[in-house]
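Here's the structure, in structure tokens; my notes come after.
Just so it is clear, A, B and C label the chains in written order, and each chain counts residues from 1 on its own.
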Amino acid sequence: MALPEFETIRLDEMDNRVFELVLARPPANALSKQMAFELRQAASWLAGTGAARAVVLRGEGKVFFGGGDLAELSSGGDMTPSNLNEMTIDFHGAIHRLATMDAPVVTGVTGTAGGAGVSTVAASDLVVAGESARFVMAYTAAGLTPDGTSTFFLSRVVGLRRATEMVLTNRMLSATEALGWGLINRVVPDDVVVAEARALAAKLAEGPTHAYGGAKRLLIAGASSALAEAMERESYAIAQQSVHPEAVEGMDAFLNKRKPSF
Amino acid sequence: MALPEFETIRLDEMDNRVFELVLARPPANALSKQMAFELRQAASWLAGTGAARAVVLRGEGKVFFGGGDLAELSSGGDMTPSNLNEMTIDFHGAIHRLATMDAPVVTGVTGTAGGAGVSTVAASDLVVAGESARFVMAYTAAGLTPDGTSTFFLSRVVGLRRATEMVLTNRMLSATEALGWGLINRVVPDDVVVAEARALAAKLAEGPTHAYGGAKRLLIAGASSALAEAMERESYAIAQQSVHPEAVEGMDAFLNKRKPSF
Amino acid sequence: MALPEFETIRLDEMDNRVFELVLARPPANALSKQMAFELRQAASWLAGTGAARAVVLRGEGKVFFGGGDLAELSSGGDMTPSNLNEMTIDFHGAIHRLATMDAPVVTGVTGTAGGAGVSTVAASDLVVAGESARFVMAYTAAGLTPDGTSTFFLSRVVGLRRATEMVLTNRMLSATEALGWGLINRVVPDDVVVAEARALAAKLAEGPTHAYGGAKRLLIAGASSALAEAMERESYAIAQQSVHPEAVEGMDAFLNKRKPSF
């Protein structure tokens, strides 16, 4: 299967069905209309083909993802509310597919995650950050409201008080603070962020991909559902999953005290 | 009122309308179809009779609740998607009644809480754990998706990032980590877990049982409601509760600087 | 524009469109029917006129907000379920407008926040507390169920486990504990709480007021919305905001590396 090619991002196939999605608009990897469109195409390809069993998401160079490209967004560019609507539809479509597809998304953060970069972090499945990583919402600093699905994910990840503080004051979090608040899962030296994210993705790529997808979708749906609705959804999901080859293998391995081969 | 009797669990009446619900399928207290059915019956009895003013939930022996009985769930057993649907309906019915009935549920965890055991912890009102307690979701390790209402409760208790990590990586939390993440309320030496859970339940059994139930249901409903809906529900509840004998006594005791007798 | 005058609260205009809303029913600033009505009027005035660019909310004297006035609420007073319904409709109307209006609300807590006082803290945008501040839900201690929008905000701020503990056990949090749980944003010496809250409000009053309001409403709506709904709401909001003078100025300032003047 030929990999799609892009101008502002790269989609690379690594070993064992791990894919790497790289933001490649140096120096800030800022989100342009083109990049939003390409991210949506890449995410649709990953979600649609099922080729990946895990995805590493990272930025090219020293900055992870500096947020929206204000040069393009501002009146100096060709941006209008219509165009910005189009752009966020693309970007949100990308985030939604990454968040709900089967393959887990492990995000590696070096340098700054700003604005849409924090939104992307909040929406990722797992996040590894370097010691010098920084997280700042930044939207209101430019007179804008948040996007990137952050008003769904961020408060559910760090709590509504801290999400509000990040949005109103643009407080910049260090990697250690972000870990303490539960925004990220692990802090490592800067020069091993990519290696750690790849190692984690490689491990997840050996896991039950279909069950991972079901779990991701249950967690997201459950985060805005009534209790009774969440529990009925769980019942249906586990009943269907229980006869999937992954579950047959997983339960057999558990009962025979061996490592499962998913 | 005769207590119902079961094969896989025990329901015991302690002093002062504290009841103890004990998972009794050693060594792992694993959830079988029979146990799910009996848990639902016990929870319905507790919720329906109103006999209890507080409930201690614990496991017999060293393990709290090891999760689903995979020997029965796997293809080696007689489990089919239909049967698993039946089983989760029973189990979820039990959890729902425990979470929403008037009497607070104090869960005491010694040893491992795995899979449905973590779900049960997340859905409990208060949790006391021993120093050597361990918490691991475990579902995806067996190729399964989460159940036990965990996709409603777990992310609302520890945040969506940490819930996702527990579900995808099956990271095992120590008691200290679980306390830091807010999954449990208190860590005590292993040999006093049951005594501490009973002491806490005894204290709650002296409290305003009807107000506790109202508060539990408001918190669960509010966790998936719009702001305006939650506040209207609160208005109605406190207005009705204000003329309940508990409130008449509680407010009088406060005004006269004496201990209330609920 | 003449400021409205009240009996149980004060609404003062400070410099630079910062307003101060002061609970003024010493010694406990307890919520009476009159005070709930006046809070609603004040909040409606602030939300309706748009006069404020930031609001400081604090209590007169040593106690921030001791909760409902039980002397009035109890049977010794003239309170009936009908009257309590009226009172909570007013109080909730006040909280809802403060939480969703454009101007950020910075709450300064000295002494005790009890019952409705904790609800108000949970619903505030940012909270500064003194070292000796204390937070206790207190509702069930008086045989009552929670109100003040706490069953929406509190669990989203501190997590459902800790919210449940606060409601069922009336555990009293110190300022340090409240900070660790994310209930408040900052702890300072008692004698500088008001100064710190005012300084923070003054800084926010220089910010993009319209974007702040959009962000506040997105965060609250997103906290109970499905992902797809939250992201469509974000798209629309940022597109409309992008041509607002705040965004034009904010983006231009960013691109020209100067401080914006909102």
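In this section, a residue touches a chain if its C-beta (ideal position, glycine included) is under 8 Å from a C-beta of that chain, and two chains touch if they have at least 3 such contacts.
All values reported here derive from a predicted model rather than from experimental measurement.
Engineer: What angle, rounded to the nearest 5°, describes the rotation that places the Cα atoms of chain A on chain C?
Structural biologist: Superposing the C-alpha atoms of chain A on chain C needs a rotation of 120 degrees.
Engineer: Residue numbers at the chain B-chain C interface: does the shared fraction exceed half, giving same, or fall under half, giving different?
Structural biologist: Both copies, chain B as well as chain C, present different residues to each other, with under half of the numbers appearing on both sides.
Engineer: How many Å are there between the centre of chain B and the centre of chain C, using C-alpha atoms for each centre?
Structural biologist: Here the centre of chain C sits 32 Å away from the centre of chain B.
Engineer: Which positions in chain A touch two or more other chains at once?
Structural biologist: Touching at least two other chains: 153, 156, 158-159, 221, 223-224.
Engineer: Spell out the residues on chain B that touch chain C in their complex, using ranges where they run on.
Structural biologist: 104, 122, 125-127, 153, 156-159, 182-185, 204, 207-208, 211-212, 214-216, 218-219, 221-228, 230-244, 246-255, 260, 262
Engineer: Residue numbers of chain C touching chain B in their complex, please.
Structural biologist: Within the complex, chain C touches chain B at residues 70-71, 73-76, 79-82, 84-85, 88-89, 92, 95-96, 99, 139-153, 155-156, 158-165, 167-169, 181, 220-221, 223-224.
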